[in-house]
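Everything below concerns the one structure shown next.
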Amino acid sequence: MALDKIGIAKRIAQELQDGWYVNLGIGIPTLVANYVPEGMTVEFQSENGVLGMGPFPFEGEEDADLINAGKQTITVNPGAAFFDSATSFAMIRGQHVQLTVLGAMEVSQHGDIANWKIPGKMVKGMGGAMDLVASAENIIVAMMHSNKAGESKILPACTLPLTGVGCVKKVVTELAVLEIKNGAFHLIERAPGVPVEEIIAKTAGNLVVPEFVPEMVL
Amino acid sequence: MALDKIGIAKRIAQELQDGWYVNLGIGIPTLVANYVPEGMTVEFQSENGVLGMGPFPFEGEEDADLINAGKQTITVNPGAAFFDSATSFAMIRGQHVQLTVLGAMEVSQHGDIANWKIPGKMVKGMGGAMDLVASAENIIVAMMHSNKAGESKILPACTLPLTGVGCVKKVVTELAVLEIKNGAFHLIERAPGVPVEEIIAKTAGNLVVPEFVPEMVL
Amino acid sequence: MNKVVDHVSEALTGIEDGMTIMLGGFGLCGIPENSIKELVKMGTKNLTCISNNAGVDDFGLGLLLQRKQIKKMISSYVGENEEFERQMLSGELEVDLIPQGSLAERCRAGGAGIPAFFTPAGYGTEVAEGKEVRVFNGKPHILESALTADFAIVKAWKGDTEGNLVFKATAMNFNPMMAMAGKITIAEVEELVPAGSLDPNFIHTPGIFVQRIFKGAVFEKRIEQRTVRKRA
Amino acid sequence: MNKVVDHVSEALTGIEDGMTIMLGGFGLCGIPENSIKELVKMGTKNLTCISNNAGVDDFGLGLLLQRKQIKKMISSYVGENEEFERQMLSGELEVDLIPQGSLAERCRAGGAGIPAFFTPAGYGTEVAEGKEVRVFNGKPHILESALTADFAIVKAWKGDTEGNLVFKATAMNFNPMMAMAGKITIAEVEELVPAGSLDPNFIHTPGIFVQRIFKGAVFEKRIEQRTVRKRA
């Protein structure tokens, strides 16, 4: 069965390592923070200037001066730090953040990503995404395999304006975990009960399928 | 009579303007802080990371963590701020400091300055001088007219390795105030009792002498 | 030399039609809301505004957009503002969208006398169009230039009479770099204190970067996304 | 993940002959004196040291110079150290002298993923030799590159178990930028406190830049120029 958003977040949380600093984008990526493996310490950075993000505040304790990059009210854990936007992107550009998780509209088999603009229709801006994808060593895209029209978002080449080129290493969707290398998507894992055929059918880009594709263990 | 170091400092202090931020180099320039005109507020910046320097500390109150760029123990005034070296030179390079006063070994009639190296003999390093002279709008050199060997330091061209090119606007020595423009030193003022002939004799660079040269009023 | 002014109208003296203005803030967090309201009152037109976001329809820079006071926006993300999207897609509004980190660094560069720098952000995208590309350590980078403004308007938590500023939590964001990059920098603060009240070890923006400072009359501090958890 | 180590010897594990090391401090102010003494004990050789100054003959980096542990110094000012001048003029020591502001900015750039930037400092001098020159706003600038190091060693006033650091007065100087630019950054602190003890609004160096932290055993804090005034 295809994963829900929480399932995708849980699977991505398995990629975390102790001591990592991690930047989570808006949407599904934000949920990853809820599933850090027991006994592991991971610090969450938000590019608007905070390290050490905690859970959402209790009702009535929201502080307008304390938000994340999604403009949501947040709290911080003991040992947090606030800093300006230049310092924040120094952390990102300088590769001090070990993992970035973000959403996308399209990903190509070369690791290109598009997630900020649909010409003539929608322009929200790239925010920090272009800095994040151009800088991070380790970028995981969290998204649905297909768009609302049912078209694959896992493509030979992006059709929308790019956010970055050759930067995405891994994609986790409701159906599969895909690794990108040598100009192809490599099917690493499939969602529990999802047949390989379904993934093949819904993937427009070049897909390398090994003989045995293990199911995710969530 | 030729000025002493204090006289040079007093004359330079007349160049200050209310509200200015000023960087004073080691030696004579440091003395300028003692002669800020009454009723005027001037903030002194030191490139090792302090704004709002005050007088030297009372004996026994020295703090090893609080020094100026000359490595001297200092104090700060109310409203001071400490910052890192990158921010300090952001202030300097970004032209937020309105006046820089520094010493020199040689100054040329084109505004070039040399003050950091004598090849094969002495190399102390440029410290912050190269950033200061390349950045400041307003640079005054405080120095003796001649070196210890009696040779003029006011030259057609510098002979020593340069610290900066075309940057010095004014030179104040024990004998005169010289303005640099159009490839020449312009004699603006002479020290009280110093004859114009002496200044001409001791100036190796192109010197423009107006008909009347007023005496400094200290 | 007195940097303190009593009223926002005095603080904003000299802002004229056609000028370039930087405004601190991220979303509605840490924006100079008193100054923005005053700009509405002043009716200044044809402004080029440099700000990470463009407010929402009825708050922040959205107020200036509604009144068509802005000719051009230089921002990184404008997704919260429908009027913005409408003006942009219809061509009424010029827009220069910049990666957020490049925007922050370009403001800092403007304030720090660094005319240009290389960054990997935006390589291979339309942001790189017309920009020099150079490879460092095997990785392509693009050359980005400094940003400065006629006026920078920032919002701080506390400020002293010397112009020293401290910010609270994530309301800091772009404010410190923009304070550096304004030819004239105006700070609106929640608390204005005498020189010497702030610990000199913990000043976020040294007073040298601030030319005018005033205590804002009202801080509404609107929240965009109120997210909370239930008490156990 | 524990960043705290008990002893300087543990903190410096992995520093080997031939490595490049950044050391914070301005003169003898804010230098990691415990780590420097440990490097003497370790006897590590052929080091490239990036530090604004080179200490004095019998303190700070002067201790490493005396023992010829340093192959190359990258500094801005070395006027206080006779042994340094002797080794440099005799050719025993390689020296790269850099304008102080460029040194600071190059370290920051190294930490911030900016491979190169333009600065006016040093144009027309021997510092500019072999460097690209470009004119911006009518003024010539030179292209300077980022500096990084195998290890950065910084000294802070207080640090917490997350690696967050605060500095005191002018002992801050180069420490924050160097903390950013080390592949591994080691902080020696006067006070080591639990996470949560430092106000998150006033952290100078966020812990993300620090990999190891320890409480220095002794801080001698030698003063180079003791200048005082008499009491009235």
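The letters A, B, C and D name the chains in turn, as written, and every chain counts its residues from 1.
In this text, contacts are C-beta pairs under 8 Å (C-beta built on N, C-alpha and C of every residue); 3 or more make two chains touch, one makes a residue touch a chain.
Note that the structure is predicted; figures quoted are calculated from it, not measured.
Colleague: Count how many hops through touching chains it takes, at the least, to reach subunit D starting from subunit B.
Modeller: Graph distance in the chain contact network comes out at 1.
Colleague: With contacts defined as at the top, give the pair, A-C or B-C, that has more of them.
Modeller: Of A-C and B-C, it is A-C that has more C-beta pairs in contact.
Colleague: Roughly how far is subunit A from subunit C, centre to centre by C-alpha average, rounded to an integer in Å?
Modeller: The mean C-alpha positions of subunit A and subunit C differ by 28 Å.
Colleague: So, what's the distance in Å between the C-alpha centres of subunit B and subunit A?
Modeller: Centre separation, subunit A to subunit B: 55 Å.
Colleague: Let me have the rounded angstrom distance from the C-alpha centre of subunit A over to the C-alpha centre of subunit D, please.
Modeller: So the centroids are 36 Å from each other.
Colleague: Specify, in ascending order, the residues of subunit C that touch 2 or more different other chains.
Modeller: 105, 108, 112-114, 119-120, 167-169, 200-201
Colleague: Which positions in subunit B are in touch with at least two other chains?
Modeller: 76, 82-83, 86, 89, 92-93, 135
Colleague: Which pairs of chains touch each other in this structure?
Modeller: In this structure, the chains touch in these pairs: A-C, A-D, B-C, B-D, C-D.
Colleague: Report the residues of subunit A in contact with subunit D in the complex, numbered from low to high.
Modeller: 18-19, 21, 41, 43, 45, 51-52, 76-83, 86-87, 89-97, 135
Colleague: For a test of understanding, state which residues of subunit D touch subunit A in their complex under the given definition.
Modeller: 1, 108, 110-114, 160-162, 164, 180, 194-196, 200-201, 203, 206-209
Colleague: Considering the complex alone, what residue numbers of subunit A touch subunit C?
Modeller: 46-50, 55-74, 76, 82-86, 88-89, 92-93, 112, 120-131, 134-135, 161-166
Colleague: Once bound in the complex, which stretches of subunit C touch subunit A?
Modeller: Those in contact with subunit A are residues 26-30, 52, 75-80, 85, 88-89, 95, 97, 99-105, 107-108, 119-127, 157, 167-177, 204, 221-231.
Colleague: Going by the contact rule set out above, which residues of subunit C touch subunit D in the complex?
Modeller: Within the complex, subunit C touches subunit D at residues 105, 109, 112-120, 134, 136-137, 141, 145, 166-169, 200-202.
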